[in-house]
Structure formats: structure tokens, C-alpha cells
């Protein structure tokens, strides 16, 4: 399964009671369907997965499978702390036609799981029991731990582990994984602000929160890279530099949801304790997105 | 509600299919009932709460409420990343007669929640909506963030936030919270290896994983402190020094479960990716618990 | 050599050209001579040692040896990154009658020295070549690394390594070193805000920046502990709680120097990039020291 | 002053008594003179500057000035914790004809200097008082703190601060500094394993420890970049990938010195507590450098 191109980990729309908002989800997906995004990651970190019940996740998988245009790859975020629950969720998603699952590194019991042996055991145990291929999802900024390049390289040998999404921003690590993992293993970037150099050093695709609000700009970098138009790539990279930081590192999901509101998507409110972007943050975001269309 | 004395965050027994093991839970609780433990924390970190489904948590709350002797305080571990789910779980536990809930600091979206404003919003929003009092649970070794003494002190003003369980091991912070929080607010230690000095500086109780396997030794420190028998307190503290580190920091839940097996409780296997203690770890644990009865 | 009691790591007085200020150093030392402080640490971190040239350090050692009252133990801060320079400085201090040297953990090349083997090699190599005993100085807040209790315990076997100054504030670690190091090895606290519980668990003395400005209050805790007057100890500990944080963690050397100015010592300006305390900081310090005499 | 191209921060050769080894320094410099290296950084971290006395640093500056071929830029590593000593050393180096100084971020008193205000004060105070331009040197792996892109961008406005050497490996930060610092301000990479993508995103030169042992390979990447031969750049980057990690992150200065010994330079022993590379490390290094000439 090819994961080339740009994949947004889609946000979860809530109504003002905090419930899932089906109509707005449909609106967003149908608008993204008009782009050349490679597909959708449903229930990733950007989708507030850690705020969702199991029932809500299943509901979201069902709905997005219904709304997505043919040809868009469906990917489910299914990583939990236990092998058992990760497997159960992944196989549930497979029932709705999802083609791959993005599985976050377990991280809560750091003294026990922050080592290569535990990580390899976890991913192999999951990969052995699921009906669709998985990819490793590393986001140290949230999990507080950073799976090593060496562990990922070893895991790349497993036939059911097909990719890694590296969101640490560490380009040296990304280069090492590209160089040393099994041929065909796919390294994906999770960092919009470094997208262009990541492609240069061998990333084949990217899972980008920023692409929820500004898919065309990220696709432009991808297309420029593929056609070897390095000036265009650099230019687009510079154009998204500030905006992509604002809606990820700086203001996170609330900022991203506001940028979506600006760009014709539905962002809406996040779940507490996340709160809507402050007026000052909104103003910054408006300025940064003024020439980035949705 | 007084939280004086020793409270084990009880482990969750699984059978060899990995399902909840009701008979063994009953066995453990009935054995603990014979001690002067103050009560039970059900679905804390030591209970592998992050590995349990919502249905399993509710089941555990029901069973422990059924098995616990009268007079044992029932406390539910209910902290989730969202206010919404934390409130729902807490109120569910209240239905089964739980008297308080232990609520972990939210921690996943660190760039958004690792600040006092977000933490205060979270705990106040929860405290406002739940039917039983809550206490703040801080365990930086797992969550990767450390709520400040200042934030806890401010939160101590809320009538429905009655305590903090401080598991960071930072005694300076514990002293500050004792000194500056609202009179009546209870500071609990979460660290067996420093139990005696924590009592000296004002902790009124403790939530100790180690007490699952060796309740008498921890109660002995508590009793020695209450009767001002400082030599006995120091002596008991030295006796548990090594064992308490082995089954927490060093070997974690798998080590603790093995110590329980040694001491007449049922520990059994943890859920993957946690694995049973290695033969070498078991040997160390056997030696350390040879004179600590269950 | 006994290191019982309280030892200030003395500040270095500078005049308004930034040069060493001999008259004010004499003034400070003579005023401290009137107390029951156990002695002086000259050229520790609080003495801005990393801002001093070798010539200035030697000058300070000479002057303090001249000004100190008989019976005050003279201790030199001599730790450098290399064994070679640490040995040279320690033996230089010995020439002036210094009785022990405080040697900081090397820390710059963290990938090479942040491990027990390198640390043991460093301290043994120094201890083998110096004419006076040394003690290990651990201050992770500055060095960025934390020598383990296990390494210190092994080093305690060396006949020329007589103590550790543990400034990490980790009381569990301090307890372990007390319990497991060679009999006679001395564990010193470096943390005024936790002085009383540190004594309770076995520290025999303390090297306290705060004692520069308020020697009597720290001596009071020490005396209360020795006479088993635990209420007085707790009371004094509470009285210094806020002030001791202000002049260490919060405002550092500039804050401490200002508190000294308030209490009849000479503090004066620090060296750039440290700057004198801000007006707001000064006000806080004045309030906190209003009932703590010098 | 242009800092384009590759600059090794040269190692300091010691004889077997641990003294400076003038003849071997001459040998190394004369061999490097035959390459198109842009110049030499004398007394940087790789030169074991934190292990050297002031007299030794001055001696090294004098000798290298004597041995260097005309046209090689002379740069002195002069950063100390105090403004005063940094200024004194920088102006001393200027007397020997050094054209710029590399100034490390101060880092010891982290609670006071790990903030943009203190960092800006430090660099501006130094820059105002020195006779040659300086550049900011950021190496968080050693200092334990990471000067922000924002602070560097503000400092780029100072006429006497001409560059930054960014060794954190964070390419997003490097991109931001390239984009937002004053036109003409030079961003240098300090990371051989990411050299090629750093050039792609705007670094104009590099200060590379690895270049001590393998100057031609690093120059090859620089030349390939300049001539837009991206395949050659990628190829050379892959060829140095493993070797450059071995002699920096993995085995540090001892590993680098051994690689120099292999390649016709003099590496020799480091100063304790650093120790010569282990036999196993040497074997790895031999393999990695087998096709990288000096």
C-alpha cells in the first residue's frame, strides 16, 4: 500500500454540545475530496482521539468511509496503550474498509515501555494480529518518548509494518531510517515546517495537521518536489512557514480549527480542557492565512 | 472526607486470556480487608487503567464495592484527557458508592495543557460537575508534566477538590503544598521510599502501589508516625527501602504483581506490552520480600 | 575530617569595576566568624567560580584563609572539567591550609561523561592525586546531569573521598546514599528548603547558599535537630521556606547578594551576564527577610 | 567577513604527558592547508577548550596563526560564562590576527541565563567590547540549553554579530533563522550528518568536527551543493552518514582523534576524564573510515 503524497489527520468536528457533528464532517470531507490529497487519517492526535470514546471513534470511521471519494486512502488512528485494545480497534476499522492503521508508540508506563525491546514487542504483537498493515507513529512532543531509528529499522522487516510517521522534526533520524530500513518501507514526515527538506532526504509522503486547513499549499510542495522544481518548493515552504507553526506547535488544535473556519471548512470548538483560540491568537492566524486558501 | 492512612491503588487481576479475573479480585480484596488499610483506589495507574476499556472499569468498580469491608473508603481512578469523559466516569463511580475520585493531570497535548491555566480550568470544570469530591493526581514520571505547587494551592480553594496525590517524589514541593494550601486540604504521598519523611513534613496519608503486596509494612510506618515512635518509623522505612523501589520504579507493575504472588495475593500477568517479570527480576524481588509479609 | 553543621559557599564580592573586593570579603568573613557556622566553602557555584580566573580563585583562597577564625573549616571549590586542572587547583588550595575540596561532577561532554564509569574514573583519578580529601558535588540544575546514588556509593569506598554534597533536592536519593555508602562517609544537603527532613533522614551537614545571608536561621535548624527539638526545627524550616527559595532557585546569586546587603553583609553586584536583582525582586526579598537576621 | 565553506574546529594534540604537542599541531595544520577548507576554529568544544588553561589557549592561537596558510580564516573559540573573560579572551585572539570569535551560550546558572533577555544581554555586551566580530555558538547537547531562533534573529541586528553556528540538529530552527535574520547574517551548520539538507535550506557554511579527520568528504558536499549537483551531494552525504555519527555523537573526541590517527593526522589521547576509544570503538571507526581519506 502506497502512502505517497499528503494525508491530513482530520480534525473531529463537535457541535456546541460537544457531540460529534456529522453534517460538518461531511462538509469537510467533501471539500477535501476536491483536492489531490492522498487520503485521510481518522482519529489521529489532531482528531482529538484521546478525547473520544470508543463508540465515537467507530462512528467517525464509519462516516468518513461513507463520505470519502473513491481513491482516497482510508487510514485509522488506532494506537492505545495495550496490544489488546489496539488490535481490537484496528480490526474494527478494517471492517469499514480502512486500508492501514496508524499506531502511536505506547508511552504511559515510561519506565517499562521506553526501550526498544518493549517497543518492538508491542508493534510486532499488534502487527501479527491485525488484518490491515500498520505504520508506526512517533510524536515525542506528546508522548514524552522517542522511538529510536534503530528500533524502527528493525521493525521495518515485519511484513505488516509498512511505514513510520516521524513527527519529532529530527531530520537526521529521518535520513537514517530512509537509508537503513527495508526497501519499500515508507518514511512519512509529520512536520509541515520542514516538509521540503524531508522530501529531499527521502520521505515519500506526509501526514500533516496543517493540511486540514490549507491542503493546496502542502500539495504544492509535494508536486514541486516530484517535478524537481526546487525553487517552487522552497517558495511554497517559505509561504507556509509561519502559518504551519501557528496551527501546530504554537496554538495546536484550537488554532487549526480556527484556520479551518477561515478557509471554508468547519473547525468549531475543541473539547475541554482545550479551548477555542484567544482573540489575539485568532488575529495572528488570520494574518498568516490571508494568502493561503483552503 | 478524610484520606488519612494508607490506600493501595489496587492492581487489576487478569486471567491467562487477559480477561478480568473476578475470583482473584475478590481474594485480594478480602485479604486486604483484614488489614487496617484506609480503603482502595480502583483503576489507578497501578490498576493498568490505561489498558482497560470503559466497560472493564465500571465492572471493577462494581466488584470492589461488593467485596470491600464496611469502613474501607472507596476511591475511583477516573482521570481522562477530556473533562467530559472524566466527569462521566466519576459520576458512574459515584453510583456504586465511591466516595472520591482520583483525577490525573491531562497531559497528551503538552503544548496546550502543560500550564497552570489549562490545569486549573480542567480540574475546576471537572470538580464543578461531579457528585463526589476529587483529588488531583500528579505523576510526572508517566505523564511527562508536573503540575506546580502554586496551581495545586489555588485549586485547594475549590470546595470539591479535597486532596492531592503527589507522586513526583519532590519533598520541597510537598512541603510547600502543606504550608500554603487551604486548611483541611489533604496532601497525600505517592512514594513508598520516602514515606516517613513525607509524614514528618505534613502528608496525612499515602496512595502506595507497594501497599498492594506489603500492606503491613506501610501501615507500620503510618502507625509509628502517629504514635511519635520515630525510631520504629525509621527502622520500617529502611526495611522497605529496597523492596519498594523494585516493585515501582525498577520493575513496575510486573514486579509488583510478582511480589503479590509471593505474599499470598494474586498478581498474575499484566497486559501487553507489559510482560511478566524476568527470572532475574523475580529473584531480586524474592530476596527483597523475604521478610516482608503480605 | 568532620563536615557536621552548616557551611556557606561564600559569595565573591566585586567592586563596581568588577574586581575582587578584598575589604568587603574581610567584612563578610569577620561577621560570619561570630556565628557557629562550621566553616567556609570558597569558590563554589555561589561564589561565581565559573566567572573567576585561576588567579582570582587563588587570591580568594589566600584571603579567606587569612580572615577566617581558627576552627572554621576551610573548603575549596576546585572542580573543573579535566582531572589535570582539578588536581592542580586542589593542591594549590591545600598550600593555603584548605582541609578539603568540593569537586563538581564534570558535565560538558555529556555524551561521554554522563555515565557511572566516566564519573568514577574522574573522581578516583582526582582523589588519587590530591593532598587533601575531596567531596563529590552534584548540582543537576546547573550541570544538566545527575550522578547516581549507586556511583556515589561505590566512590564512598575511596579513602580520599569523604562526602557528597547533594543539591538535587531528591530526598529518596539522599536516603539511599545514607543507607548504603561506607560507614563514615558524610552526606551533606545542598537544599535549604528541605534542610529539616534531610537531617531527619541522615544528612550530617549542609552547604547552603542561603546561609550567606541568614546564617542564624540555618544554624537554628541544625541545633534544633541535634537537641531533638522537632517542633523548633519545623518552625524554623517554615520561617525560612519562602526566603530560601527566593535567593536560590528564584533569583539566584543576584537575589542572595541583595539579601546580604539587607542583613549587614556586603553582597554587591554579580558579574555579567548576571545582573543585580530587579526592583520587584528586591521588594519580595525585603519582605521575606524582614524577620530573618544576618 | 564571509564564513562560507567548511571549517574544522580543530582538535588539540596532547603528548603522552598530557601537554600541548606543538609539532603535531603543525603537522595537522600543514596537512589541512593542502585542502580547500575555509579556515580553522581554534579552541572550540572539539578542541577540548573546557580542559585547557588560559595560557594554553593563547599558546594554541599563536601557533595556529603561525602555521596556517595565507587565506585560511582564523577563528577563535572564546566563549566563557562571564562577559568579562569572554571579552578578554576574544581581544587576546585578535592580537594574533584572528578574524572572528565563536562564542558559546553561557549556561551554568541555568535558572538565570536560560532566557532570551540574559542571552541577548550577554552577546550584546560581548559584541560591544570586542575588536573582531563574533558568532553565536549553540550546542544544547553540551550546554543543556537551546538559544531560541527568535533571540538569534534579534541578535543578528547587531553589527558585530555576524553568524550563528547551530549544532542542535534542528533543521526547522535553522530554516527560521535563515528566513528571518538580518540579510547578510550567516547561518552555519554544526552537524555533518545533516550537512546536505542544511545547505539546501540556506546554511552558507559549516563548522564540523568530522572535518578534522575527513576534510575532503565534507568539502565534496559543499562543492556539490554549489554546483547544483544534487545527486553527488546526496551520495557523499550517504557516504559520511555512519562515520560522522561515530566520531561525534557516539564516541566523541576520542573517536575523532582515532579517526585522525587513521587518516594521517595526529589525534592522540584526550585529557581525562575522556579516555582513548575502546578497541571495539576503534574497530567500528576503522570500518567506517575505510573509504574516507583524510
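For reference, chains read A, B, C and D in written order, and residue numbers begin at 1 within each chain.
Here is the rule we use: a contact is a pair of C-beta atoms (placed from the backbone, for glycine too) under 8 Å apart; a residue touches a chain by one contact, two chains touch by 3 or more.
Note that the structure is predicted; figures quoted are calculated from it, not measured.
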Checklist entry - Touching chain A and chain C alike: which chains? => result B, D
Checklist outcome for this item: chain B and chain D have mean C-alpha positions lying a whole-number Å distance apart equal to 50
Next on the checklist: I'd like to verify one number: the distance from the centre of chain B to the centre of chain C, where each centre is the average of its C-alpha atoms, in whole angstrom.
Outcome noted: 37
Checklist outcome for this item: Within chain B, the set of residues that touch 2 or more other chains is none
Next on the checklist: Which pairs of chains touch each other in this structure?
Outcome noted: A-B, A-D, B-C, C-D
Checklist outcome for this item: chain B contacts chain A in the complex at 18, 45, 48, 50-51, 53-54, 80-85, 106, 108-113, 118-119, 121-122, 125, 141-144, 249-250, 252-254, 271-275
Checklist entry - If you look only at chain C, which of its residues touch chain B in the complex? => result 169-172, 175-176, 179, 191, 193-194, 196-197, 200-201, 234, 237-238, 241
